[in-house]
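Going in written order, the chains are labelled A, B, C and D, and every chain counts its residues from 1.
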Amino acid sequence: MKVSIIGASGYTGIELVRILLNHKHVEIDKVVSNSNKGTKFSELFPNVRNIFDKEFIGTDNLETDLKESEYIFLAVPHKAAMEYVPTLLKMGKKIIDLSADFRLKDKDIYEKWYNEKHIASEYLEEAVYGIPELNREKIKNARLIANPGCYPTTIILGLAPLLKNNLIDTKMIISDSKSGVSGAGKKCNTTTHFSETNENIKAYGIASHRHTPEIEEQLSYLANEDIYINFTPHLIPMTRGMLSTIYVNLKENIDIKEIYDLYNNFYKNEKFVRIIENGAVETKNVRGTNYIDISIIKDERTNRLIVLSAIDNLTKGASGQAVQNFNIMSNNYEMEGLNFISPLP
Amino acid sequence: MKVSIIGASGYTGIELVRILLNHKHVEIDKVVSNSNKGTKFSELFPNVRNIFDKEFIGTDNLETDLKESEYIFLAVPHKAAMEYVPTLLKMGKKIIDLSADFRLKDKDIYEKWYNEKHIASEYLEEAVYGIPELNREKIKNARLIANPGCYPTTIILGLAPLLKNNLIDTKMIISDSKSGVSGAGKKCNTTTHFSETNENIKAYGIASHRHTPEIEEQLSYLANEDIYINFTPHLIPMTRGMLSTIYVNLKENIDIKEIYDLYNNFYKNEKFVRIIENGAVETKNVRGTNYIDISIIKDERTNRLIVLSAIDNLTKGASGQAVQNFNIMSNNYEMEGLNFISPLP
Amino acid sequence: MKVSIIGASGYTGIELVRILLNHKHVEIDKVVSNSNKGTKFSELFPNVRNIFDKEFIGTDNLETDLKESEYIFLAVPHKAAMEYVPTLLKMGKKIIDLSADFRLKDKDIYEKWYNEKHIASEYLEEAVYGIPELNREKIKNARLIANPGCYPTTIILGLAPLLKNNLIDTKMIISDSKSGVSGAGKKCNTTTHFSETNENIKAYGIASHRHTPEIEEQLSYLANEDIYINFTPHLIPMTRGMLSTIYVNLKENIDIKEIYDLYNNFYKNEKFVRIIENGAVETKNVRGTNYIDISIIKDERTNRLIVLSAIDNLTKGASGQAVQNFNIMSNNYEMEGLNFISPLP
Amino acid sequence: MKVSIIGASGYTGIELVRILLNHKHVEIDKVVSNSNKGTKFSELFPNVRNIFDKEFIGTDNLETDLKESEYIFLAVPHKAAMEYVPTLLKMGKKIIDLSADFRLKDKDIYEKWYNEKHIASEYLEEAVYGIPELNREKIKNARLIANPGCYPTTIILGLAPLLKNNLIDTKMIISDSKSGVSGAGKKCNTTTHFSETNENIKAYGIASHRHTPEIEEQLSYLANEDIYINFTPHLIPMTRGMLSTIYVNLKENIDIKEIYDLYNNFYKNEKFVRIIENGAVETKNVRGTNYIDISIIKDERTNRLIVLSAIDNLTKGASGQAVQNFNIMSNNYEMEGLNFISPLP
């Protein structure tokens, strides 16, 4: 089965290539990047030297060049994605879009938070939010997957069992989230500068990060009511990894054992969700993998739960989840290509 | 003026030495450590080679050895401190105790959280909690200072203006705190092992960290009512630095400008407190210094404040604050020896 | 095919497990560690939670317990290995020993550098030094593989083409080598302490590191004369990765293009050796993989070559090379289980 | 005494400010940066918030603006420096130039290695190479100091006692040097990108780095003959710190004790040079300070010395040495403002 990647020159691009090269039933047909046209992929990403030396192509003849690719991964930034989607759909392609362009159902909310006019809003309704643990059936038949953001993945999967079962106060949901630097992408700026970020921690996008409406929309579906949250992302001095520490009020006093039973049951068929005892969640255990590790602690003195949820922001938080969605769409085994174990230490 | 340090072989010990060597009116008389007796201080801490080469002494003849030291810094672990305090007080010394032994007024709470019998509880009442911005007058005349914990310093100073002015819901105070590894001390274990901690983040001591009752006691004084909080410390891959992200509910809707006026006014005479606009708090700006940088963001959609507060855990969070307390006790200029600027980058 | 790992609780142990779980034709039969007997492997190494949850066994009934294991990986420290080898060989096992115990042919040199009596020296002659690129034929029929050290792997493979072709002055070989911290193992000490190692670089074992005689012995075989080198290892603040910068004098003036032709030809059938142009070797490109990336620069002004050679110290430098040796011994495809691509970034 | 800094917006600029704010007899008059004109210095560098809030000025009216500044620190890149120097000298200023523009006596060598035409070569002869330990007398009376590069500082001071005493083979000098990322400056590129540099080591500028002729010129003065060296810089994942590991051949067999006597004697009056036993040099001990720590190991088997020399690249390697030069020129105590102790850990 042939697939292509548009926007393959960023970090989600190389992560897609790493995963797809490990996939038994996939051949990477084309890697597309106008700015790197003619360059060997392995020249830009020397980790795949001698392994994947194809040249990048440009977008001049996509119709011809992508003829044999049934599935297209869009690893371009938001705004660029919505420029490709209509054309690709008309070409009969199935799309896994890693950008934010089709994650929000409401065009106005998109335009407000992203400060861009949405030029392909007619596809918003059709797009399926690609979080397999919650939307697997819809994903199977989708033509257009809106692959979730990294922060939303941690928070949505972290809270789904509680919200679905109506156990928490929906007026007080706080997610204090921490991300490695690779989430900021390959572009260079103060945030990604080693000397600025090493030996440092800061919050950013406080009460204003663009993932906020995405998280809220999905939590609202789960709770069946409108939810507004506090979401504070932080940048910490590591390359990969994301941890959300989520604070919620229990509506009633429930034993922590029951909470664990609930989570274990909710995710019992999910291969990539691991429920961990006693808060012992660490990002190192999921690095380079598609796992999400979740733990729940109850603070008996305040009747509050602290949910911890950890992923690799580039794998389960982006390219890994994209391939998981692709596997579901294409009737592959859902874990195919995704059998990575974090290299410890 | 001569001072001595008991327990000078740990990280707060070397940090005290670094600061006191920068102090114009102090001479370090003795550095005490039984396990390093006879060793040159600079052999253990080669950063002060050629600068401070005194040998460690043991505790065999403290009465004689400390005769000339009017002030004693106790940089020993909890439990050890309460063994020294009665003797030292009887010797007429003034003590700045960096351990937790005299921070809690209630012996029972101490014994419950620290799982140790308190053997010097007769001094608990006299001990002054050494947070200069709130207790300066008491510190001036104290014989025994309980130097605050690092986490408590960030949270107490972060919330003092709000609690003093009765502006927030005292039933919902959540501090999500992040610390560099040096807070775990010089001892070796899984937490301090480079390969386990580098490229990793984890929470620890969730809903059970020993700083919890210390924070709660001090917040309760400020609010004049009993306060229970959620406190979640995290370990992040850097050596020095601590950031607390504190979530509170405003009782009424107050403009953020008013909040800033309140903070600026509350701390207007404080040389070590810097109020920062727009959440732009980063630990790198306070590294190696006695500053605490505080910022406040209002999430208009939830009427909640997010208070960010950053220190160097070993300086304002330990040895720097200890010297600040010493300066107040000894009628030195409060900033003397503490004029450090973070070396950027 | 069943294999077992003795000493599976260290970093080379978990790395073996990670690799062997990725191997299509292998089942990990037993993981042996007396100190962890009865503990789940995934409790100690939570990266394999839900993936490999077997319990550690002790060494009480090895004969019975290892009955079905044809191959044994010894991931114990030096000295311990030589205690197991005779017994295991008598049980008919084939052994890949990751320790140093059988790497040196000369018992006296071992005893001098390791300061231990060698108690199984009768097997020294039989043991095959397991560097597949040079000793593949011997490895095929070996019962006992002495798996190379990490530093030696970088230097031996870095210099083999030059020495085999008699191109360099054997009196001046200098390797300045740099290692991540994981090479120091899981034990806690000053060297592995985060706060001591982060933001720091130091040399260690200068002119006295135990890998020196191992390197010299293998280089001497290649050159067919006795070789003594300068070898200076350094510890740098990263977890995995090793780079050797090797300085040699060309005997005659040879064009750098010829040198590259020589290297490319020498390693033309080697899947794990990548020859890189222009010195562009970086450890990140081999992290978690079995590749060794080698580059050569000629300093025209001094007629000296600078050879750069990079590996992951735990993979090609230990457990990956061990599985490569196992594959050769067991007639598996040499890359089986070792198709890892470094997760970039 | 008033001084000004031109090019104050880079890392050597903020480091100059940090040091000069610690200097008892200096007032920073102007900080000059066209691109930041009108911005508060502390907005760009929030570590000095509330401490140094002056605004940057542009270069429009330098003659007037710098009227009161007797000394000017040039913290601009090479090429820019030579544009300022003639004008400033005509204005009667004394200049400490941190760039490379006046370090090489030979205009042709400058133009070849820096690929720029030298437009102020008439000042090359007058310029004094500002390494106080070797050129103190000349510095006293200089108008124009060429402040040394960071790598050259480690190598020149590391080898001076050996070369001055004619003890080593000048045909084989190899420096394998390692630098933290801050040496690459504040500009953003692949080298300074956190995700590219963290958990990675690479060599760069092999046999071609621009510091090479600077090192060679100074070593040649010391040896009184033309010297060519091998110099290989490496980038390692830390912010500050530089270590050179230098390999030389002893001409005759000399006892290591004699070597230490030689070094101790050579540097006996130097406050910033610390001679360390047994190779125990670590960059953490000099971080943020003006010290250079030097150690020498003899490899008895090869009669070769390994000299280790460590500095903070931004302090002794740039701005600290600049202030040391300024102190000498201005008859201040040479350590004034430079009494920093590395904050350990």
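Rule of thumb we're sticking to: a contact is a pair of C-beta atoms (placed from the backbone, for glycine too) under 8 Å apart; a residue touches a chain by one contact, two chains touch by 3 or more.
As the structure is a computational prediction, the values presented were derived from the model and not from experiment.
S.K.: Among the chains, which one keeps its Cα centre farthest from the Cα centre of chain C?
M.R.: So the farthest one, by centre of C-alpha atoms, is B.
S.K.: Which one of B-C, B-D or A-B makes the same contacts as C-D, at least in over half of the residue pairs?
M.R.: From the options B-C, B-D or A-B, the copy of C-D is A-B.
S.K.: So how far apart, in whole Å, are chain A and chain C when each is placed at the average of its C-alpha atoms?
M.R.: Between these chains, centre-to-centre, one finds 36 Å.
S.K.: Find the geometric centre of each of chain A and chain D from their Cα atoms only, then give the gap between the two centres in Å, rounded to an integer.
M.R.: Chain A and chain D have C-alpha centres separated by 46 Å.
S.K.: CA centre of chain A versus CA centre of chain B: separation in Å?
M.R.: Roughly 39 Å, centre to centre.
S.K.: Two-or-more-chain contact residues of chain A, please, as numbers and ranges.
M.R.: 11, 182, 186, 195, 198-199, 237-240, 280, 282, 284, 287, 345
S.K.: Could you please specify the touching residues of chain C with respect to chain A in the complex?
M.R.: It is residues 11, 14-15, 18, 21-22, 45-51, 182, 186, 198-199, 239-240, 274, 276, 280, 282, 284-289, 293, 314, 339, 341-345 of chain C that touch chain A.
S.K.: Could you please specify the touching residues of chain A with respect to chain B in the complex?
M.R.: 172, 174, 176, 178, 180, 195-196, 198-204, 206-207, 228-230, 232, 234, 236-241, 243, 245, 247, 279-284, 287, 297-302, 304, 306, 308, 310, 345
S.K.: Spell out the residues on chain B that touch chain C in their complex, using ranges where they run on.
M.R.: It is residues 11, 181-182, 186, 188-190, 192-195, 197-199, 237-239 of chain B that touch chain C.
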